[in-house]
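You will see subunit A twice below: alongside subunit B first, and alongside subunit C after that.
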Partner chain A sequence: MIGETLFDRILIRAAGTILALLWIAPLAYAVWAAFHPAAYEARFDLLAPLTLENFYSAWSQAPFSRYFLNTALLVGMILAAQLVLCTLAAFAFARLDFPGKSFLFGLILVQLLVMPDILLVENYKTMRALGLVDTIIAIGLPYFASGFAIFLLRQTFMTVPKELDDAARVEGCSLIGVLWRVYVPLGKPAMLAFGLVSVSHHWNNFLWPLIITNSVETRPLTVGLSIFATTDSGTTWSVINAATLMTSAPLLLGFLLFQRQFVQSFMRAGIK
Partner chain B sequence: MMRREWIYAWLLVLPAFVFLITFTHLPAVEALVNSVWTTAKGRRPSMFVGLGNYQKMLQDPIFIKAMINSGLYAALTVPTSIALALAMALLVHRPFKGVAAMRMAYFTPTVLPLVAVANIWLFFYAPGFGLIDQIRQFFGFASANYAGQPDTALYSVAVVTIWKEAGFFMIFFLAALQTVPETLREAAAIEGCSKWTFFRRVTLPLIMPTTLFVSVNAVINAFRLVDHVFVMTKGGPDNASMLLLYYIFETGFRYWDTAYAAALTVVLILILSLAGLGQFYAADKRVHYK
Partner chain C sequence: MQISDIAIQIDRVTRAFDRNRALDEVSVPIRAGEFTVLLGPSGCGKSTLLRLIAGLDTQTDGTILIEGQDMRGTPPGARGLSMVFQSYALFPHLSVRQNILFGLAVRKTSRAVQAERLKRVAEMMGLGPLLDRKPSQLSGGQQQRVALARAVISDRPICLMDEPLSNLDAKLRADMRVELRSIQKQLGLTVVYVTHDQVEAMTMADRIIVMNGGRIEQVGIPEAIYARPETTFTASFIGTPPMNLFPASALFSGPANLTVGIRPEDLHLTDAGPRADLVGVEYLGADRLVAGQINGTPFVLRQPAQSPTPRDRFHIGWSQTAMNAFDATTGKRLHDFDFSSLSPNQKDFDHETA
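Our next item is the complex of A and B:
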């Protein structure tokens, strides 16, 4: 450290702590409101009685179990499709030469800027033409081919030693065999990183699902929660906070348990 | 033999491209095509209007308001979240007791759904009993309805964006700070260089590529993140927090004016492409020290 006095250090730690408290305050407040009776939603008393009532009442007032199922199906389906489609494409871009390669790769890069998230009206028309409006598959379809996943996996596959590839081919491995036995195992960390980012992104996604769904059977959690929170059925802040926590809980728990992997995945996914 | 490899390669990329073209490239082109026609209404079929929809924009006060707001929103959120992200990274990039907890506090908003946390923030902003108002009233100020009054609505939305994004951007700066060589620090210490000078003359230039990367992402997000607007303000009051993407949603799915929505989408695509070009241009200029 350059010229750092004890006073500097205390000052820096204090600033860091205040910032951290500010940043965690919304979540801390949500936990407070969700676990206390409605009378304490804006009154902070250490002796306030704890309760799970808000969770019961949120759970019984809206079909959250169905929303959970929909979201789980959605993120699972998207991740599976992304991993298969993007692994195949990334392998071709990393290790094969073919006419049109750089043009096609350029088309993939375009998706990093112009995401399906902003092409709302046009994608809605496509779904209507396909007869898929208000289905879970329609929420996922635009995200199946992720330009970002192809990019990330291609970078990873390019670092696989060529000798390994050649050795497998000499042994009589087919092209798909090489991909499956050499590249996929070595690409697992990158796939895990992408998987975490993809799951949290689609768990939290809101706008497109809001547009393309209109029934309980297809709505994911985010859309269900926003409808629950805006209907004027006399739901209290405490209940809304309980619902908010429930919606975020799986990701939040996953993050607390696998903090290091989460942070590293997001970092890896961002640095190209 | 060569030909066979080509066919394999095409077959490998084909499935991904079917989806990519159908849901990204075709719709982008469709938006461009639809934007020069009118929306069919009842018995009145769609008519070719050329640049009519774009001329309409220039006379549309809500569009102009949305553009000004989007620009302001970007100007508020991009530099603030980047500066905070860098500050956070500097605060936690060296180990000390409790560093993990501090890092976690900064990063947590990233994994929470934006629509969900918007509800919590809405409570903070609520007039009368909301947390901020309680503090205001404690110090004797009048009650204020931050998300519900025209002069503060956009700012209250921007604050949530900054809170959500800073911790996310922090991790990129953390990674970048690891790459600043320790030898440089030692050399600077011997030269008697102050902490601030070292940061300004050595650290900052070295992490420039990361700053650039984060900036482009922040600009893109400024035009893409509108989830909380749905919960907090719905673009109001009186369009005070209307953003471009939210206006596209309203035009397309509340007024069903799909042609005008297509023209608005084209504007958004242009803005995002400019951001992307900015990145390529800057990367070309080599903001790198290599």
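Our next item is the complex of A and C:
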């Protein structure tokens, strides 16, 4: 007989609690350090005075506003390009017949298996040839045609009943009309789920932007933060933590606010 | 018949999938304002033909004319027709109102016209209180009405229907048959209706097109299809139970290459005539179906439930006019066959068994 004894219950709850604490610890420390004077960096005192000084100091020491703008532009551009390109490609793979279809789809699946970091050098050469080094477009360009998005949306589109497609065509929709009025609305949960993965991935992406950018005008938050944290000998941990919190705050807040919708759309899209 | 009476002309249309011909040189006119039913078993090509008329598929060969215009290359939306699907094909993300107005919205009809037509159609279909619901909140019968409303609101002269009643329960299906027919009459629609259910075909059709194996077996009014089947396929497909087909030798000492068809209700018990063995009896309330065998050929006899149940061996009789003659090799009806040339089979089993 398999029953949950009191001991089991304590064990499971304890393990869960420990894992959660371990996971939250860095974030908790960042919050602690960011809101207290530098003197309390490594000293825990409940009565330590609270301050916003670290945020002012971080904001004034590096062009974070420009970094925010760059990241927002970058993430928005990548997401928009991915949704447009991959929706069109996925629709073609799901519902049109053309020669070489399965071979081309095979190539796209192969893209899922290749780690992007392997292509760093090759991508750099390409951007150089295009004259795009140190531009925001160059950071995003390699990610526009996402194999994952094409695959995910194709699978979603293939579940749309053929009769809906037929009905829309009889009612006078063109091919693009059918895509826009039938497939896109029915594919929304998958698009939302993908959008989330894409935004968080590119908000946090570091290695490629580090290599391809070298000026304040193009640098995203991640690169800006790392430069801020390493080069300047004068910066203190509390200021670095304040900067870290600032850069990750929009994502954290977004996830907390829309948690339920996110989980639902992930369940509907079938990705975890 | 004038050209203008023909809404859709199918002319030697073939649709091949790889080697396999779903439709094989089919030619048939479909008349304007009539309720035409494409009837046949699964895989006979009836749905394929409907999709070709709709423009959702393209024929391998042949032409389809709608109102005299060659439809090759014309997209479905420009063919002047509407369509009702088996699964209803309602858009799950749109409300009932948006579903009904879908076609008008695609065509950018003015809001005033949309509202006016929606009011009329919603009233006709009794959908008024449901307009703001989503399709998933409706029963099967209500979804069916929305699908019909979407076809009717387009004001197009031709309506194609692909087994629209097959997902409803028996009671609702009977009601919808009457309603569909009255809507068609009221609006003067040319309806092309695909079904494998002969009850639907018999009750609703002005004209039935019986199909089998990618070919047309017979075109005619329901009475003609039932009373004078042109082929043994039609004879054995129409009617529940269908027409009995006997090799002539089972009933007559006549020619070998002849099949004789007699409807179960045209057979009766007699004291003389060919002798049959009883196989089983099925009681249906008003009627009784008697399954028998005559010289190895199975048949069914329908008799009123009040009449006495036959014994293990019985004689069957029928009137001369109830007989249908078919060529045993081709299965085609022999139109001018003279039954008086045949002499009844007088094999007397009584002497063998006594």
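Here, the second predicted complex is superposed on the first by the 253 of 272 C-alpha atoms of A that agree within 3 Å, B and C clash if a C-alpha of one lies under 4 Å from a C-alpha of the other, contacts with A are read in each partner's own complex, and residues count from 1 in each chain.
The definition used in the following text is that contacts are C-beta pairs under 8 Å (C-beta built on N, C-alpha and C of every residue); 3 or more make two chains touch, one makes a residue touch a chain.
Keep in mind it's a predicted model, so treat the numbers as computed, not measured.
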Aligned on subunit A, subunit B and subunit C: do they clash or fit? fit
Is the number of subunit A residues in contact higher for subunit B or for subunit C? B
Please work out whether A:P161 is in contact with subunit B alone, subunit C alone, both, or neither, and reply first, second, both or neither. second
Note, angle between subunit B and subunit C viewed from the Cα centre of subunit A, nearest 10 degrees, works out at 100
A:G177 in the overlay: touching subunit B, subunit C, both, or neither? Say first, second, both or neither. second
Under the stated touch criterion, which partner chain does A:D97 make contact with: subunit B (first), subunit C (second), both, or neither? first
Under the stated touch criterion, which partner chain does A:P49 make contact with: subunit B (first), subunit C (second), both, or neither? neither
Partner chain in contact with A:L186 - subunit B first, subunit C second, else both or neither: second
If you stack the two complexes on chain A, which partner ends up touching A:G76: first (subunit B), second (subunit C), both, or neither? neither
Let me test your reading of the model: by the given contact rule, A:R169 touches which partner, first (subunit B), second (subunit C), both or neither? second
Least CA distance subunit B-subunit C after superposition, rounded to whole Å? 7
Listed in rising order, the residues of subunit A that touch subunit C in the complex are 161, 163-164, 166-174, 177, 181-182, 185-186, 188
Residue positions on subunit A within touch of subunit B in the complex are 1-4, 12-13, 15-17, 19-21, 23-24, 26-27, 29-30, 33, 41-42, 84-86, 88-89, 91-93, 96-99, 101, 104, 107-108, 110-126, 141-142, 144-145, 147, 150, 175, 200, 203-204, 206-207, 210-211, 221-222, 225-226, 229-230, 237, 240-241, 244, 247-248, 251-252, 254-256, 259, 262-263, 266-267, 270-271
What part of subunit C is in contact with subunit A in the complex they form? 51, 54-56, 75-78, 81-83, 85-87, 89, 91-94, 102-103, 106-107, 150, 154
Spell out the residues on subunit B that touch subunit A in their complex, using ranges where they run on. 5-6, 8-10, 12-13, 15-28, 30-31, 34, 84, 87-88, 91-92, 96, 100-117, 119-121, 123-124, 129-131, 134, 163, 166-168, 171-172, 174-175, 185, 188-189, 193-195, 198, 213, 217, 220, 223-224, 226-227, 230-231, 245, 248-249, 252-253, 258, 261-262, 265, 268-269, 272-273, 275-276
